[in-house]
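In the two assemblies presented below, chain A is common to both, partnered first by chain B and then by chain C.
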Partner chain A sequence: MSATTLVLTRVRVRTHLGLVVRVALILAALALVALPLVFGGDVWAQRVSRAAIYAVIGLSINTLTGHAGQISLGHQAFVGIGAFSSAFMASRLGAPFGFGLAGAALAGTVTALIVGMVALRVKGLYLALVTLAFGLTAETTIFNWREFTGGGAGAFAPRSALVESDLAYALLCLAVLVVVLYTDWRLVSTKAGRALTAVRNDERIASTLGVDVTGYKLGAFCFSGLVAGLAGGLFAHWNQVVQALDFEFQVALLWVLMAVVGGLRSRLGIVIASSFFALLPLVLPNFLAGLPWQPPFLNEAVYHVLPPFLVVLMLLVVLRFFPGGIGQLLAPVTRFVKGAKR
Partner chain B sequence: MLRADGLSLRFGGLQVLDDLSLTVGEGRIVGLIGPNGAGKTSCFNCLTGIYQPQAGRVSFDGRDVSRLPTHRRAAAGMARTWQNLGVIDSLTVTENVMLAQHQRTGYSAVAGLLGLGGTWLRERELRRDAAEIIDYFGLGEVAGVRASELPYGVRKTCDMAMALASDPKMLLLDEPASGLSPEEAHDLAGTLRELRDRLRLTILMIEHHVPLVAEVCDYVYVLNFGRLLTEGRPAEIQRHPEVIAAYLGGAAATAEGGEDGTA
Partner chain C sequence: MGAFVALGLFQGAVYGLLAVGIVMVYKAKRAFNFAQGEFGGIAAFCAYLLIVALGLPYWVGAVGGLAAAVAMGLLVERAIVRPLESSSRTILLVALVGVALFAIAVTVLLAEPVPRVLPPLVEGGGVDILGAGIQPQQLILLAVLAVLAGALAWFFRTDLGLAVLASSQDTLAARVVGISPEAVSRLVWGMAALVGGVAGLLYAPVGIFTPGFMTATMLVPAFAAAVLGGMTSVPGAFIGGISIGIVQNAGIYLLGQQWQVPGASQLSVFALLMLVLLIRPQGLLGKEA
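Up next is the complex of A and B:
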């Protein structure tokens, strides 16, 4: 009798301890995000905004590539069109800030819908080529349309009074990120997520189960475009100036890489990888240049080309050793925090 | 229930189906047999809308579905299983069954995305229904296991559970007994009859396992080289000289016919 009570209490103590550890882990993670916001001043507020915007873009790519299995190498076009739309509405039309962001999301959705309709007819390598060509075309046409983008000087994208300060803007970006994370979570836990999994694996099986394959593919493109356009809008007002240079092909490649390094279909992994990719070029060169000991033959110019090199290195490591990305590495931790049995 | 008239399907120069007509009455269990490469699976693909035949009409449940895409035919109540299994490997058994419930979720994809109130409740109900179906097929033990980690027989049962989870009026089964032991095939016969009687399902099945066909089918169509060789009750078919020739004597001819529509 006493033995059973003993066992029972021990079990209860352990679950309590587990709960405490779990809550502590979550709080520590949140604190890590809050720390630079509270103590970092405007510099770090801007950096947190940038990380959040990149994470939103990463999740947008995750919808398309991770959930629907469609590759996009033209994502800079969706984000860019969103950014220029928002800037145009804010600076030329004088529309309120919220309308600018909504316009950015709408522009992204419509653009993605058009690309999606073309993409329905092609797969794999050809889809990659179509999206690549679309992105490059958008760069040379829409982004060079002087009335819309302000030409080489770029378009101004003033913030509204409410989010004028960098801190408030960072909070806005984080709020958008939370909303996008929420929709991604609901997506995978409801019928759309299951349908997209089926479409990704076998379109014929999906259709015999009553899944409208065409509709879901287009839907995935539209939702991805909506989120990308929204991220573009946030990006425009983050910098307060948008230039065509910001949306060259390399960034689209970088965004696909960060989704892969983070781990497709892993929300946490993508947020971490996106933040890392967003901050690396800002933080690393300054940090290295500030070190007391400088190795010979190296100077600041070299430090500035280091981040792209590191990114490629990370991709190789991920592809070779853990194809599930950072999400795969973190799987044991997330499983523990969710409290699932091993 | 299901009626096909003059289906003709060609892949390039290969005539896969040639003026094929068949009728499946409501509440019947009908067999579709024939040697390898006879076009049985191609026939299924035409009926479910995966292939668009060059000629012929398909009507289902009293309406012409010839022009409807596959998912609309599924929504009308057509469910099928696959010769090489229709389970999604990366999903668990429960998730697979819930995937099959797609068309009766009762909420829109966007509502689910936004996490609107009703969707949470419906998800819980769907999960409960799925658990019921899973228990009926004795898959309770493996409900949380990914399909890719399960042995063939279990995946096959899961495929069957998925076909039922879509709440169909008719089942199209592509070789439900392949890979099963004689006892399991016998159990399957019982299951099929029970499904027909309790859920009033109509069943059309492709099958090679002769005892199973003889045991459960009310009527049998025999296909050879894309044409209807003969049709009739199982007992008549078993005695039919041309059928015996097609299965036994026609081995060389079958090999010549190649590996067409059974993919």
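Up next is the complex of A and C:
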């Protein structure tokens, strides 16, 4: 009798301790985001915005690559079209800020629909080829179309009064990120998410189960385009100037790698990897140049080409040794926080 | 206009040469090889190192460059492709994109990103074809493409080539009849890298070259050429490459010169790729979609 109560109390104590640890972990994670915002001033507010925008882009790629199993190698085109649409609406048409973002999301969706309708009909990963070609075309043709983008000088994208300060803008970006995270979570736990899983695993089996393979792939690509366009709108007003140079095709390739390093279908992993990739080119060169001892064969110029090199190196290591990416590494922690028994 | 067609014909030869390598890997592995351009990049940089920087004879540089390309192909096969054999095509594609970016990053880190000039195989003035000045190097390129495409089309009819196809269609059944899928994989990647190396080595002297020159401007037209040719057909890649080159240069002439559309060359390749997938996704000579 007494033994049972002992056990029960031990269990109760352990659950309490576990709960405390879990809450502490979540609070620590939130504090990690809040600290730079509170103490970092405008510089860090801008960096947090950039990290949040990259995370939104990472989640956009996650929808397509993680859920639908297709690849876009020209995602910078969708982000860029969103950015230029939002800038065009804000500076030329004088539309309110919210309309600009909505226009950006719409532009991304429509573009994805047009490209996807052709490329996703064909079995196989042809979308990767078509989007790569589309990305190059967008970079040289659409983004250099003077009436729409202002040519080489770029388009201005003023912020509205409400999100004028960098801190307010960072909060807006984080809010959008939360909405996208929520949508991704809902997507996975509904019929559409299960259908996409079936399509990803085997298109033929999925179609025998009555899943409209092309339709779901197209739907996922359109949603991915929507989120990418939205991220583009945020990016335009983050920088307040949009230029064709911001959307070179290498960027899209690095974004795909970013999502894979984070771990496809792992929201937390993708957010972490995206933030890391967003901040690496800003932080690493300054950090290395500020070191007291400079390695002989390295110099400022090398530091600036180092980030993409590191990113690719991380990809190859991830694919070779833990294909689930950062999400896989964090799986024990997330499982503990969720309280799942395993 | 005639000059643009002539330029397109010879530009298309490079696309065709890259497309042949892409088709080889696709036939054997059902994978889009996004690293194909960088086999040429590595070959060009190694040849430059040996010929210009170290002053060795031309043939040493050429052999060294090709050897480097083949070594890279075998390394990619061993370190990336084989461990990912059981994972999805999506992941393999991302990995091959990673390989291309890795190769570019390494060349940028080791050799500064400045334009370089590799001396051509044959010195001498250009030939006038339809009003376009064609370098002897470009004539050689077209000839080499024709020979290589013929040789590889024949290769897939030999026992060895059939073994490659068998191992692609059913790995287990191929193993049962005594084909080693590992050896086939090595062979295919080595050959694809060799073809890519030849493309890079022959194309680099046509203009100036920088790190990533094959991937940045050549890879997409080469893929378009492979798709147009049917993705599984070596002669198709040859025809597709030439067609893409001509369409691209016609596009530069019509859209770029007449209508002042920016980026006409990329736009015409993209438009052609979309048209092919829309109208005839199995390509000109492909057997299946």
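Operating definition for what follows: the second predicted complex is superposed on the first by the 338 of 342 C-alpha atoms of A that agree within 3 Å, B and C clash if a C-alpha of one lies under 4 Å from a C-alpha of the other, contacts with A are read in each partner's own complex, and residues count from 1 in each chain.
Definition applied: a residue touches a chain if its C-beta (ideal position, glycine included) is under 8 Å from a C-beta of that chain, and two chains touch if they have at least 3 such contacts.
All figures in this text were calculated on a predicted structure; none of them were measured in a lab.
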| item | value |
| --- | --- |
| First, second, both or neither for A:Q240, with chain B first and chain C second | neither |
| Partner chain in contact with A:T334 - chain B first, chain C second, else both or neither | neither |
| Chain B versus chain C as contact partner of A:S189, first or second or both or neither | first |
| Chain B versus chain C as contact partner of A:V312, first or second or both or neither | second |
| First, second, both or neither for A:S160, with chain B first and chain C second | neither |
| Partner chain(s) touched by A:T208 [first = chain B, second = chain C, both, neither] | first |
| Touched chain A residues, chain B compared with chain C | C |
| Partner chain in contact with A:T197 - chain B first, chain C second, else both or neither | first |
| Chain C contact footprint on chain A (complex, rising order) | 65, 69-71, 73, 118-119, 121-126, 128-130, 132-134, 136-137, 139-141, 144-145, 200, 249-250, 253-254, 256-257, 260, 301-302, 305-306, 308-309, 312-313, 315-316, 319-320, 323 |
| Parts of chain A lying in touch with chain B, wherever the complex brings them together | 182-183, 186-187, 189-192, 194-195, 197-198, 201-202, 204-213, 216, 219, 223 |
| Sites on chain C touched by chain A in the complex | 30, 32, 34, 79-80, 83-84, 87-91, 93-95, 97-99, 101-102, 105-106, 108-109, 112-113, 216, 219-220, 223-224, 227, 261-267, 269-270, 273-274, 277-278, 281, 289 |
| Complex contacts: residues of chain B adjacent to chain A | 48-50, 69-71, 74-75, 78-80, 82, 86, 88-91, 95, 98-103, 105, 107, 109, 112-115, 119, 123, 162, 166 |
